[in-house]
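Heads up, there are several structures right after this.
First chain A sits with chain B, and in the next complex the same chain sits with chain C.
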Partner chain A sequence: MSALFRVGDALRVYRDRHPVLWRLIWTVVLVAIAVYMTTHLSATTDGLLATGACMSIVILGLSFLTGASGQVSLGNAAFMGVGAYATAIWANHHTTTPVAVVLLIGALSGAAVGLLIGLPATRLRGPYLAGMTLLFAISFEGIVLFFGSWTGGDAPLQLPTIAVAPQWFVDRFSSSIPLFTLNQMWLADIAIVTVGVSFFFMANLFRSRTGRAMRLVRDNDVAAELVGISLPHARVLAFVVSAAYAGLGGALYTLVTGNASYSTYSLGLSITILSLLVIGGIGTLSGALIGGVIFAYSTTWIDWIVGKTGITQGGNLAANLPNIIFGGLLVITMLVAPYGIAGAIKMGAGKVSRRFRVTRMPMASG
Partner chain B sequence: MIGSSVRRVATYGAAIGLSAGLLATGLAVGTASAGGVPGVTASKITIGATVPLTGIASPGYSEVGKAARAVFNYVNSKGGINGRTISFVLKDDCYGTPNFGCTGTPNTATQTNALLALPVFATVGSLGTPTQDSVRNLLKSNGVPQLFVNSGSHDWNNPGTYPNLFGWQPSYTVESKILAHYIKATYPNQKVCYLGQNDDFGTDGYQGLVYGGLTPSIKTMYSVTSLVLGGASYFTPFIHTFQTSSCKVVFLDTIPAATAAALGNAHSLGFKPHWVISSVGSDPITVNNVLKGKIKPDPEIGATSFSPLPTAATKSPWKAWITKVLLKDKADFPSFKASSPIDGNMEYGASWGVLFAEVLKQAGASFTQASFVHTLLTNAFPGTPSLIPLQYSASNHQGQIGGLVDTISSATQTKNVGSGVVYKTDSTPANNVTVVPGQKPAGGPIPSWLS
Partner chain C sequence: MDAFLTGRAFSDLLFGIADGVIISLIALSLVLIWRSTHILNFAQGAMAMFAVYLGMGLLSYNVGFWWCVLVSIVAGVVLGGLTERLLVRRLYGAPEINPIVVMVGLLLLLEAVMGAIWSSTPRGITTPVSSNYWQLHGLPLGLSPFTMLEIGAAIAVALGIGALFKFTKLGLQLRASAVAPEVSRLLGVRVGRMLTLGWMLSLGVGTVAALLFCSVNGLTPTQMDGIFVYGFAAAAIGGLESPTGALVSGMVLGVMQAYMGDYYNSNDIPFATLMLLIIVLMIRPQGVFSKKITRRV
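Then we have the complex of A and B:
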């Protein structure tokens, strides 16, 4: 047992001395495990994983904006839409662009629009900032329709070709596995790798000098100014990062669904993202992952509830059940676990570890 | 300090464990299809469709896929086709539009992926132009035929790019050319005004009028989104303009909700033109349901429309057959009685359901997706309710090429104009509407194996 503790101490020392490398190793290991799992999951589950991955990236971006810099945005679904349409428009004009570059274009588009809106918006605080982002969310449909010659207007803008698994990927599996299953597996793997990269960058950003500066701006903007931090610069940067992550999530979702449609990126989705952020846990990486998984599986669970309870399909109750459940989860979370599911798990683990620490001390002194 | 590490490990471990537990709700190894044809086994063929079972487009349209399913259930009750039963899975995509009572998943790509995961042999009778446009590449890349799309868009007639994509109903252009021919003959030199949907339904429909030699004096395009948000009053300025401009004939390329809005506004304004309404939005039962029967007499009575299928008043043997089929399907039509009228949506869905069953029978006991499509392309299918026998070809994936002009005779029925002459044409700019000689308005003969 004492050897185990020595190994733990050594790992902790290594982690403290090489934090970026430590996070990189963890990222690679977790991504590899997840990618391996996709080869043993059904096409449906792989599809849900890909959807959950898209949403977790968006939630993480909002988590950074809210948790790190204390700002609120109701327009993240619209920023998702910006990334989605940028991806679809680019793909329709440049069909051979690699997937990684296409995703980067989606993220940069989100960032550019985030900068455009963030520059004036971050001069506002609290409900006024929320109101401005709400304005963007509501006007998104109109913007898409206005630029109808680019966006396709009312009709969804399709990708010219669906993201299908390359031949080298297909060759690794038995020929008896349906093409659709392999394509879903490939999409899920792209999504998982994108989650890994984006979470790695966010973890490092959060713990960097920039991240610390933002938290100081959040907690005490007077003190932040006194130590030389530019408040507008910090707030705009947080807004741009959040929009970039939303754009990346939208770009990835376009790859998963094969098209971009403004009706997907509605104000209702922005509210859902905010709810999932709170339910998962603000300011935590694991909270964003949990939020993404809940989003992906929510339709499955709601269908199960409707099936088991005999609620009439198409009735008022069934139509509003998602809102009821998300709203209810939000209220319960605020009452019982204000730091979200991730926070509740951490606090529970903390209680266990404190009990363990008390048990260990007599052994160490003995 | 150790406690901190334990806490971190516990946190990540619990997060991974939670995720694994959630994933276990769908954990299964991907299975191969025996024999290599997706959706086909020795005893069953699985097909699917994405349709608006709930949500903004569900009034009326939710019955279409269910009527087809009733046909397949009836075929199954008679032993299936070549030893196989037909399993028809309907996925609710809410026409890709969230809210408005939607309890499905308002994303056609997501629902189509759910069908592909089953897997399905083909999608049959999925509904909507933008919705089906959004999944053409998805289905093509997965090699799954997209059959009998419920929409009159030209987008389904693109054999070069989408060889496994087929429409079924006449194109909006074909319908409008035939109705233009009728308007010119019946209302010569009278002012015609046009109200259409601001997508290809409206643009193709308007183009068909022009191809048919009729250019409306006023052309107005409406937005479905604006109609949903603004309600019927959104149409008030349009109808008022028609009234003040002395339009004698008003042509509507409108969905049922928009038809009701136009008729309701005209009633309020005291405006009584000759209405000519696309078959997409003219079914009297559906429109009357939208109006909730509040306007008496029904303002649609006397309006002219178009039908590629037998009208309600025609003594077609298909009416009795469809009634028999719907009566047996209590799950999809729990309130349907022998005396219930068959509305246009039920007839529509039953008709392409019959077509699929006939193609399947013709395809034989052993078939692939490619051979099924070949069967569809190289045979005529006269034994369906369609007034003109279906005949697809390498250059025609659109579907039906004509029909007759009918009139709304009551709140629940349509009847032929005149003796029910059947016309045909195509979607080209040529003004080439012709009569199909000897064609009866009762549809084709019912195959003996379906009786």
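Then we have the complex of A and C:
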């Protein structure tokens, strides 16, 4: 037993001395497990995983904005849309661009538009920014139509063959697996790797000097200013990072769905993203993952509820049930458990571990 | 002169005023809530819409139109009071984002509930006041009896609220509990009640705006989303603290949008409004009509 503790302590020392490397190892291990899993799952599950992955990236971005700097954006679906259209337009003109570059373009375009919209945010507080981003969400349709010659206007912009599994990937599997399954698998793998990269980056940002500065801005902006943090910089940076993540999520979502359409990136989606963030848990990595999973499976679960309770299929209640549940959960979570599911789990785990705590020698610090 | 009165430019001005009146009223209702509780009510449009559905639903039971209007407004006022008592009261002193998230949640919930009960198919209302435009020597003037009703109602509401705040003891108490809740409490003002009353008043004004808007455009659960956002923009441009600012910038916004929609392109009205808001807030973050406030640490 004591040998086990010694290993545990050694690991803890390693974690404290090399936090970045420690996170990198964790990310690589988790991503490898997830990628391995996708090869054994059905095409449907792979598709859902990919969708959930896109959404968890967007939620993570909003989580950073809200959790680290205390601002709320109601326009993140529109930033997703920016990334989605940028990706689709680029991919239509340059069909041979590697997927990683295409995703980067999505993220960068989201960041660029985020900078434009976020600049006034330097001087605004809470509700003003939320209202302004709401206005941005409403105007996204008009913006897409305005650039109709690029975006294709009302019709969804189709993606060329970029999202198809490359030959080296196909060759690895037996030829009995249908190509559709392989494509879904490929997409899920891309999504998982992207999630890994973006979560790794965020975990480091959260615990970096910048992340700490932002949390101080959130908790007490006057104190932050007094210790020399530039409020405008911190606020704009948070907003740009969140927009970049939204853009990346949108770009990935375009790969998964095969097209970009402004009707997807409506105000409704923005509000859904906010609900998922709050339900999952603001300011935590696991909360963003939980939110993504909830998004991916919400349709399935709601169909199940509709089937079980005997609500008329396709009726008014069934159609509005998702938003009734999300809206209700949003209000209740915020009033009862403001840290969401992730926070509740952490608190519960804390209680349990306090009860069963093993008394050990305190570690020598150093 | 007739050619000018029935011409494009003047008609647009009249259309703009008719829209602006509604934007102004919504902005005013947001300002009322902001002044009393420092919360921006994102569910304002949906709550007013809910009240309108409740009231106007009586039309199919052969209840007179004006009774339905009265029921709507009462429903709005009650809904406002209930929301403050049951939801908002738990949020005072919470971090800034909590009320925002809760109100957005309420928006989502209410719109879905409305969709579940009344479906999202638009419903028209037949008003006893005609919205056919008056003719001037055979040409339509951009003015109808309904426009006059809109303007009249808005002026009545604005004057009523103004008189309440300026000349009555209740108004004084309302203002006092918004500015200095602690002191007011010491002086015997029931501050809690005043906050509830602020929400009730605000929702009353919001419901009037929703009634006017829906009488022309019909009822759908999400009908108020767009106009609510313009109302917010107007309130923010006016400075969120200033009722006069809200009314004036609502009118300006309405007229601007009418001209833009006619001469340029109505798809880009939201974006143009966003740009206007950004520019105004970059120059004067506290809004056009508010004095600069210094935050006390």
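In this text, the second predicted complex is superposed on the first by the 351 of 366 C-alpha atoms of A that agree within 3 Å, B and C clash if a C-alpha of one lies under 4 Å from a C-alpha of the other, contacts with A are read in each partner's own complex, and residues count from 1 in each chain.
Operating definition for what follows: a contact is a pair of C-beta atoms (placed from the backbone, for glycine too) under 8 Å apart; a residue touches a chain by one contact, two chains touch by 3 or more.
The shown structure was predicted, so the numbers you read here are calculated from the model rather than taken from an experiment.
J.: Determine, for the superposed arrangement built on chain A, whether chain B and chain C clash or fit.
T.: fit
J.: Touch check for A:T66: first (chain B), second (chain C), both, or neither?
T.: A:T66: touches chain C, not chain B.
J.: Of chain B and chain C, which one touches more of chain A's residues?
T.: When the residues of chain A touched by each partner are counted, B comes out ahead.
J.: So, does A:A319 touch the first partner chain B, the second partner chain C, both, or neither?
T.: both
J.: Scan A:N204 for contacts with chain B and chain C and give back first, second, both or neither.
T.: neither
J.: I'd like to know which partner A:S139 touches here: chain B for first, chain C for second, both or neither.
T.: In the superposition, A:S139 contacts chain C only.
J.: Of the two partner chains, chain B (first) and chain C (second), which one does A:P178 touch, if any: first, second, both, or neither?
T.: first
J.: By the touch definition at the top of the document, which applies to A:V164: first (chain B), second (chain C), both, or neither?
T.: first
J.: Once chain A of both complexes is superposed, is A:N92 in touch with chain B (first), chain C (second), both, or neither?
T.: After superposition on chain A, A:N92 lies in contact with neither partner.
J.: In the superposed arrangement, which partner chain does A:P127 touch: chain B (first), chain C (second), both, or neither?
T.: Touch partner of A:P127: chain C, not chain B.
J.: Using C-alpha centres in the superposed arrangement, which angle lies between chain B and chain C as seen from chain A, in steps of 10 degrees?
T.: 70
J.: Just chain B (first), just chain C (second), both, or neither: which does A:G327 touch?
T.: second
J.: Using only CA atoms and the superposition described at the top, report the least gap between chain B and chain C in Å.
T.: Nearest C-alpha pair, chain B versus chain C: 5 Å apart.
J.: Across the two complexes, what residues of chain A are contacted by chain B and by chain C?
T.: Touching chain B in the first complex and chain C in the second, residues 141, 316, 319, 321 of chain A appear in both lists.
J.: Would you tell me which residues of chain B are touching chain A in their complex?
T.: Chain B reaches chain A through residues 1-7, 10-12, 14-15, 18-19, 22-23, 25-30, 32-33, 38, 53-54, 58, 62, 96-99, 101-103, 105-110, 113-114, 116-117, 119, 129-131, 133-138, 141-143, 198-199, 223-225.
J.: Considering the complex alone, what residue numbers of chain A touch chain C?
T.: By the definition above, chain A touches chain C via 66, 70-72, 74, 117, 119-120, 123-128, 130-132, 134-136, 138-139, 141-143, 145-146, 222, 267, 271, 274-275, 278, 316-317, 319-324, 326-331, 334-335, 338.
J.: In the complex, go through chain C and note every residue touching chain A.
T.: 34, 39-40, 42, 87, 90-91, 94-98, 100-102, 104-113, 115-120, 225-226, 229, 232-233, 236, 240, 265, 267-271, 273-274, 277-278, 281-282, 285, 295, 297
J.: Given the complex with chain B, which residues does chain A contribute to the contact?
T.: Against chain B, chain A makes touches at 5, 8-9, 11-12, 37, 40-45, 47-49, 51, 141, 153-156, 158-162, 164, 174, 176-181, 183-185, 257-259, 261, 263-264, 266, 268, 286, 289-290, 293, 297, 299-300, 306, 313-316, 318-319, 321, 341-342, 345-346, 348-350, 352-354, 356-357, 360.
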